[in-house]
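Below are structures written as structure tokens.
In what comes next, subunit A is part of two complexes: it sits with subunit B in the first one and with subunit C in the second one.
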Partner chain A sequence: MIVAEQKDIAEIIPMTEGYQNILVIGCDTCVTVCLAGGAKEVAILACSLRLAARARGKKVQVDEISIERQCEKEFVDSLQSTVRGHDLLISMGCGIGVQTIAEQFPNLAVVPALNTKLLGLPERQGVWVERCQACGQCILDKTGGICPISRCSKSLLNGPCGGSQNGKCEINKEIDCGWHLIYERLKSLGRLGCLEEIMPAKDWSRSRNGGPRKVIREDMCL
Partner chain B sequence: MKAGSRLEKLLIQGEFVATAELGPPKSADIQLIKHKAGILRGFADAVNITDNQTAIVRVSSIAAGKIALDEGLEPIIQMTCRDRNRLAMQSDILGAYVLGLRNLLCLSGDHQSFGNHPQAKNVYDLDSIQLVQMAKRMRDEKVFQCGEEIRNTKKSDLLEPRMFLGVAANPFADPFEFRVVRLAKKIKAGADFVQTQCIFDLPKFKRWMEMVVDQGLHEKVFILAGIMPIKSPKVLQYMKNNVAGMSIPDELIRRMEGAKDAKAEGVKICVELIQAVREIPGIRGVHIMAVEWEEIVPTVVREAGLWPRPEVAAE
Partner chain C sequence: MDFTPAIVAFCCENSAYRAADTAGARQEGYPSNISICRLPCSGKLEVIHILKAFEEGADGVFVFACHPDSCRFLLGNVRAGKRIEHTAALLEKIGIEKERLRFFYLSELEWTQFLDLVRQGNESIKSLGPSPIKVKP
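Our next item is the complex of A and B:
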């Protein structure tokens, strides 16, 4: 899932400066699960913005709505009638949600209420951790199902650097060394031999470095 | 002979080599580079020129290396994967070579979060093993990483940078059993020499070297043992608490604490360690890392019985 967290209200309020009719839009998918931008968070943010406006003696209308998925045009299109009369849309979706709304409503200002953080999973209640960086060339078959691109602080491909100690990363004792995890896992699978091979230089052009990416399925195109 | 550097020649000659380290300044202070070079001249067979060590901006290793070369030193250019992609690395390898620099130490590099620009974007386009592999292919196959031949035009001669390639090895990092495998990978990738992390825990280092020798790796690569002169017990304690991948026995800290003259004791420990590692089969030299304490190197080298330094034999 995509994991996001809400921006500080002090960062959001200035984005609303000069607007009178604001619509806060939540997303019922990933950001609801990670407690950042679902209907509940929309209600809290809308309420905070109303209070903030009142405190500054301003008359601002703040409305609320949440949709199934902000990352699909069909769902965003269902907002056509709701957005009417508003001059600012605050998206509580991930960065994809904000941009889908911006694309569908080219004449309306759209601002983000969240920082999109990572592709990952809830590790325990209230804690989400990164597992994928969408590098475009999955090598999990070679690393025991643990991703060195996202879990090694240096995205190294040939084993832990000299800063790995007691299973932790050199940059922070709270961070597991991704390569230590890979080592232990391959050891338990009896496949440590995998680590003797040199993993060649990665083709980063398949990652973000190749420019904005696109997936095309000719067989599915209409 | 792979690169024909002075360091390579001395190692092939069978000398027990001594390398040192020169940390470039955090300002455009050319005099300091010359001053440090002057201290080390005649006391080290080659000198590592660090590359923005601890992720702090300094004079570039190649620029400082060229100055050190002109001052009569044999530089080992350190290159980290943190700050450069494969284009910049290859361009810098060519650049270093045309300036007359002949040794290259390939490193992952400290993470930028340790340094003075923690908000920087790191690169890690390649890792240190891939960097060695690339530099070796440039030298031996005369091709760039992309496979293209190293020649200016189709009609020009192949003119490749011929570097003597070094890597680091940390016997004290985890997982311990993997550390020899990692060294073997670095050798397979093209490492000609290895400098180890500084040794304080001699028994652990010996265990690692036994594994290295068991696999015959000492016959495929020149291994230089890392030695760090320590000024005070505080420095040791700090490293024990804050530097990942170090093994520092408490008894060593106690010994430094009990010393009347900590600096002199630090030198004594250093000399003892040099003499001890010299006895370990497979060790071909020492790498003396006197971080921001270059002036102690001549004392250490003299007291360890490593002075005068050898000359390259006439061919």
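Our next item is the complex of A and C:
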């Protein structure tokens, strides 16, 4: 899932300066699971903004709503009647949600309340870790299901660098060496032979190097 | 200035709520401006409950949890403590003094301590004056 975290309220408050009717919009999908932008967080942010305005002697209307998914136009379209009368929309979705709302409501100001951090999973209560960098060319079949792009700090493709020690990365002793994990995993699977295959230089044009990416399914296009 | 603060006291029903009940049964008065809100566990308290209390006009919010290692639900008091810490930081950034939010550990037997804490807490909120969101409507 997409993992995000809320911006500091001190960063959000200045974004609302000059606006009188604000709508805080949550997303019930990824950011609800990572406790950043679901209905609960929307209620807290909206209440915080109302209190902050009143503490500064201002009167501001802050309403709240949360929709199923901010990253799909069909769901964002359901906001048509709700946004009426508001001059600022605060999205508590990931960066995709913010942009979908901005595209659907081109005449309204839209600002983000979250910082989108990573594609990952909850490791334990309150902790989320990165597992994918959406590089566009998955090689998990060769690495025992452990991604060297996201798990190795240097995104190396052919084994660890010389800096790892005792299974830990040289950049931070709390980070597991991705290639150590790959080795141990392949060993337990009896597939260490996979490591003898030399991986060629990665085609990074499928990642961010090729500019904004697009996926087209011709068979699905109408 | 003669000021009577509005204070909401969130009390775990397994400890402070019973202590307050004992204090009441013994006809030991505590400030009438303190409204007690009964919780099934202090861990049930959410950030939004505290913010709403301030939004609805509270000048202070007290939260009473069971002593460490005494929570009937094991970690409810730990959760409450962390949420209070988080909320206090949030209040400060919003413009409400974090001293208006107080967190106490208490057992059901400590009814005299309950009285002391709410009386002292009441005085400390009084000294802070009205909540800033009430002063500037």
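What we mean here is this: the second predicted complex is superposed on the first by the 222 of 222 C-alpha atoms of A that agree within 3 Å, B and C clash if a C-alpha of one lies under 4 Å from a C-alpha of the other, contacts with A are read in each partner's own complex, and residues count from 1 in each chain.
Rule of thumb we're sticking to: contacts are C-beta pairs under 8 Å (C-beta built on N, C-alpha and C of every residue); 3 or more make two chains touch, one makes a residue touch a chain.
It should be emphasised that the depicted structure is a prediction, and the values quoted were computed from it without experimental measurement.
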So, after the overlay on subunit A, do subunit B and subunit C clash or fit? They fit
Name the contact category of A:215: first (subunit B only), second (subunit C only), both, or neither.
neither
Touching partner for A:161 - first (subunit B), second (subunit C), both, neither:
first
| said: Going by the contact rule set out at the top, does A:127 touch subunit B (first), subunit C (second), both, or neither? | reply: neither
- Where does A:183 make contact in the superposed view: on subunit B (first), on subunit C (second), on both, or on neither? first
Larger residue footprint on subunit A, choosing between subunit B and subunit C, goes to B
Notebook entry, point to check: Thinking of the overlay built on chain A, is A:171 touched by subunit B (first), by subunit C (second), by both, or by neither?
Noted result: first
| said: For A:201 in the superposed arrangement: first (subunit B), second (subunit C), both or neither? | reply: first
Smallest inter-chain Cα gap (subunit B/subunit C, superposed on A) in whole Å equals 27
Contacts of subunit A common to subunit B and subunit C in the A-superposed view none
Touching subunit C in the complex, subunit A uses residues 8-10, 13, 40, 43-44, 47-48, 50-52, 54-57, 59
Per the touch rule above, subunit A residues touching subunit B in the complex are 153-172, 177, 180, 183-184, 192, 195-196, 198-202, 204
As the complex stands, subunit B meets subunit A at residues 81-82, 86, 108-111, 113-114, 122, 124-130, 133-134, 145, 168-170, 173-175, 178, 181-182, 184-185, 188-189, 197, 244-245
Listed in rising order, subunit C residues that touch subunit A in their complex are 46-48, 51-52, 54-55, 90, 93-96, 132-133, 136-137
